[in-house]
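Note that the chains take the letters A, B and C in the order they are written out, and that residue 1 is the start of every chain.
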Amino acid sequence: MSRYFIRRLLLVVPVLFGVSLFTFILFFIVPGDPVLSVVGERASPETVALIRAELGLDKPLPVQYATWVGRALKGDLGRSFLNRRSITESIQARFPVTLRLSLFSLAIAIVLGIPAGVWAAVHKGTWIDAALRNVSLIGVCTPVIFQGLALQYIFGVWLGWLPVSGIGDGSWRHYLLPAIVLGTNIAAFQARLSRAVMLEVLDQDYIRTARAKGLSQRVIVYKHALRNAMIPIVTALGGSLGSLLVGSALTETIFALPGIGSYTLDAVFARDLPVVMGAFLFQAVVFVGVNVLLDGLYVLIDPRVRYD
Amino acid sequence: MTSGKSSGNLVTAAETAATGNVYLGETQLAMAWRRLRRDRVAMVGLVLVLLLALVAVLAPWIAPYDPVTDYNLRNRLQPPSKEHWLGTDASGRDVFSRIVYGARISLTVGLTSRVVTLILGVGLGALAGYFAGTWVDMLVMRLSEIVDALPSLFVAIAISVAIGPGIYTVFIALGFVGWADMCRLIRGQVLTIREQQFVEAARAIGCSTGRIVFRHILPQVTAPIMVSLTMGIAGAIMAETALSFLGLGAQPPTPTWGSMMNYARQYIYIAPHLVFAPGVAILITVYAFNLLGDGLRDALDPRTKT
Amino acid sequence: MLRLGRLFCPRLSRTLPGLWGLVLVPVLALAASALFAGNAVAETPRYGGTWMGAIANDPPTLDPAYSVAAVDGMLIALLYDGLIGFDTEGRPIPNLAARWEISDDNRTYTFYLVDNAYFHNGKHFTAEDVKYSFERVLHPDTASPRTWVLDRIEGAKEFMAGEASEVSGIRVIDPYTIQITLAEPFAPFLSMLGMPAAHIVDRNEIEKYADPRTDYAFQPVGTGPFKFVSFNPGDRITLAAHENYHYGRPYLDGIVYRVINDQATLIAEFEAGTLHSVGLSATDLPRFRSDPRYRDYIQTQNNFWLYFIGLNATRPPFDDVRVRQAVSWAVDRELLAETVVKDTRIPAKGPIPPGLDGHREDLVGYGYDPEKARQLLAEAGYANGLTFEVHMANSDVNVQLFEPIQQMMAAAGIRMEIVLRDFSAMLADTTRNAIDAFYASWGADYPDAENYLYPLFHSDNFGAGGNRTSFSHPEVDRLIELAQRTADRDERIALYHQIEDLVLEQAPRVFLFYGQTWVVTRPEVRGYQLYRIFNADKMTGVWLAE
């Protein structure tokens, strides 16, 4: 098993390398000049040239990329073109926001999505099934921009129970509304998946055997079936966590949260190359990391899984 | 188990789109179609999808006004009325007409970006699966991991910025970031099927690799492809809304539901109908494709008993 | 320029330092303030309370030498002072200079400084600080993008080239008197001293750092009414009252600016009572005006934004003046101002906005005349119609504005395609002269018509200089240079009129609108005023009633 994980980790290296090379190339296809946002209007050509040299943008592309890789290998992601802040420090400051938001969202998705899916599966074909399907589809069809606005007005403006946006003092209250937006979208997906998986499991021989033995529906569903349905459900949750941790550009922007998503979005639009490179790399590391951890998790929840 | 008369128009269309030239065992298709016909919910979905397609095709005859040129600034943001069933927008154009024309573009966006995803995903997945263990497989899998590890929305944004916004950009950007999952899925399926007897038999009688992949292996993975296609259309329509919000959707004055919804956001207090009209259109579409997708999954699943 | 407007458009405006506010600008309105309307009962101002405001984006720096964005200019005005400040209308008023004299040849400015100004670290402000701050901006090692603000001072060119150790035109007479001599007369110079780059820093604070550009940027120390407390990127920036401010301690104990990019979120925050003021867009305005809770607390002020379509004079089809004129005739500005942008934009006749010397209320300019446009196009050889692309930053506001314009143009036989892009990409394309037409806006860095005429129309300023249409006209160049040297106000205004007439005839840009700012404040806000220029508000008169 440890050999498997070592091999997996080794395979991560070319992936991260590929991510950085792809980002770098993409950036130079994208029109726009980062120096322009730094110098504004009416700067003299000498100043522009000076800044360009200072940022290293006057060197040939392969040299720029090699320089970046060399520094990144030493753990130095460099500084933003625009505000000269250390990218490593910025990510350290912003990732906890995204992490908290992700965990809240995932919790909401688990609490709402899985029971709804199981419930629908158990009542397949009844009005409960139909109602849950409709609710989850409406959830999927409501764009984040409207869900966000509606929640802000209902809970923030009219009821005054929760802050409209921002992280304030960092308490859970500030994360609740954005987490509902993200969480319900995942919950809708999770409910559909759980329903499908449960139906499949409930149709299997050992469940029929269990039923024949006269076990109660409750025991069958929660003890036997759900346990066996866990692998695909956990896989999907892991996938959702991976995407959440990358940061949600829209939700973070609408709720004015200083997370990784808004950080990356701003950098893409400002052509802040080092920030884009650093953020994409970090996001790739997180995504891959979550997946490696998931593989480990399977061993724990399903004794049949062995890596060798 | 003989070939049914309706060996599935619907399946043929999607199948052609997915792989260019797929041969599906007719018996299997006929069986699936029979099952689908018996699924009332799925048939509702199918009828809705066909209706939407009809609206899209017949838009010029259905829409009472031109969606772009019939504007009137003196009559903007009007609520629904006899002249304008769904009211007028910020330029004083007929919202109903724009919704009708929007069906064309939004369905095209949804379908095309899914097809791009499928062509990439199925093509590369089949390739990797067939050549499992070789350098081809290695390369494709690493590529898919790279694409997967990249933050997809941000990459879609960067791609949109790079090639300039527009409807084609949306296809490319969404197609590019979405293929990795499909690729791995197909690879896995191909790996399983490859070892099965009928494939070995085909190889034994000297079938070429391409023929084996296209005639014997791909038909076996129709189910995940079809489901991904129908379910993915909804996702692509929603993604267009998000890109629109970020300024990277279709160019004005093209009416798409996503951009209509996005521009309506600022008028939500003074003209809420502007939000609800495209919202309901999206809802119906997503709903229809989901019902159909669910039905197809059941119908195409060989384990489902007839 | 934030297109943000957006929120989404949010993205855009980040760049703008001064100019180019693209259309997301309403957000910036927060920086401005409003005239306190109504409630004219005399009340005694109360000290205390924290002002809650919002900015659309993080400031890239708080160091005056590197400030090119509107958001940092606004913050720098609170943290630092310049020799002069601006009143609500954009006229120079005393700040660190209590008064000044200008010599008869209009080259020498003598500033008599206040003697009671202190930096936030307690250090006494003197004329040496002015000399240091100005020389720092000009010094080649500083690599400031804003050398052009001060490079007309005598000896600046030599200093910048490293040939002199001091700028000869900056002379400290005594600790409270400084004399600045220009190489040649330059009428807008006084106004330019109000720009962020001319705000005064403390040498010791800068020299503390090995790399000030990186390390001083968010450790600012000035003489301004508020001192820096903390900055949490993407979240908020916190300021506290400067107890020893030379014009008296501000009433507010502090200011918190939240970083909020989305206009809808801003409005929701305001309605939830967590912001003291918010800028209103054309779509927000009707709702707030009709709401009894808010309608008495709305203020408005013209601002210095000029909205236009730039037509590239070096590329067909716009290398033909008749085609440019035809496009100018093909937009019904009045109708748009009555509908889509109702009350938030004023139809523009020419490039000089109201409130600046040289603006003419009676200017005729271009109206809407599709027939005339057709005729001009026919003369220019486009009888069968003209097709062109107009590039613009993506924002809701832009789209709402240009979809109707597209139809107006169509009525004149012009097929105008809208190309929405992100602002940065569009900016780069206009800089390298790669597109035929674009929509953008220009806001004054300093309140003088020269700040429109010279950057936008002088052939020295192609591309990033501001003349993104590559417009070149020797007579316009000559008159602009003449006006810059002309000290007499009336003569200068006459020259501005001459330039404006020529520009209108040449039509290198389709002048669409001048901007208007609208802001609503909480009922407890007193003394809040809206300023025409983006970095004029010092927040010293604002207080919060119980």
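Observations, loosely collected:
Following the convention adopted for this analysis, a residue touches a chain if its C-beta (ideal position, glycine included) is under 8 Å from a C-beta of that chain, and two chains touch if they have at least 3 such contacts.
Quick caveat, the model's predicted, so the values are computed rather than measured.
Chain contacts in this assembly form a complete graph, since each chain touches every other chain. Compared with chain A, the chain whose C-alpha mean position is the greatest distance off is C.
Centre-to-centre separation between chain A and chain C, using Cα means, comes to 39 Å.
As a whole-number value, the distance joining the C-alpha centres of chain B and chain C reads 46 Å.
Distance between chain A and chain B, defined via averaged C-alpha coordinates, is recorded as 23 Å. Shown for chain C are the residues that touch two or more other chains, namely 8, 11, 264, 422, 425.
Shared interface positions of chain B, i.e. residues touching 2 or more other chains, are given as 161, 245-246, 262, 265. Shared interface positions of chain A, i.e. residues touching 2 or more other chains, are given as 30-32, 149, 265, 269. Those residues of chain B lying in contact with chain C across their complex are 68-69, 71, 73-74, 76, 90-91, 161, 164-165, 245-248, 251-253, 262-263, 265-267, 269-270. For chain A in complex with chain B, the touching residues are 11, 14-16, 18-19, 22-23, 26-27, 29-32, 137-138, 140-146, 149, 196, 243, 246-250, 264-265, 268-269, 276, 279-280, 283-284, 287-288. Considering their complex, residues 30-33, 36-44, 47-48, 50-51, 54, 79, 82-85, 90, 93-94, 148-149, 152-153, 156-157, 160, 163-167, 253-259, 262-263, 265-266, 269-271 of chain A touch chain C. Looking at the complex, you find that chain C touches chain A at residues 7-8, 10-12, 14-20, 57-61, 68-69, 143-148, 213-214, 217, 232-236, 258-262, 264-265, 268-269, 271-272, 274, 422-425, 427-429, 431, 445, 455, 461, 464-466. Residues of chain B touching chain A in their complex: 142-143, 145-146, 148-155, 157-159, 161-162, 234, 238, 241-242, 245-246, 261-262, 265, 268, 275, 279, 282-283, 286-287, 290, 297.
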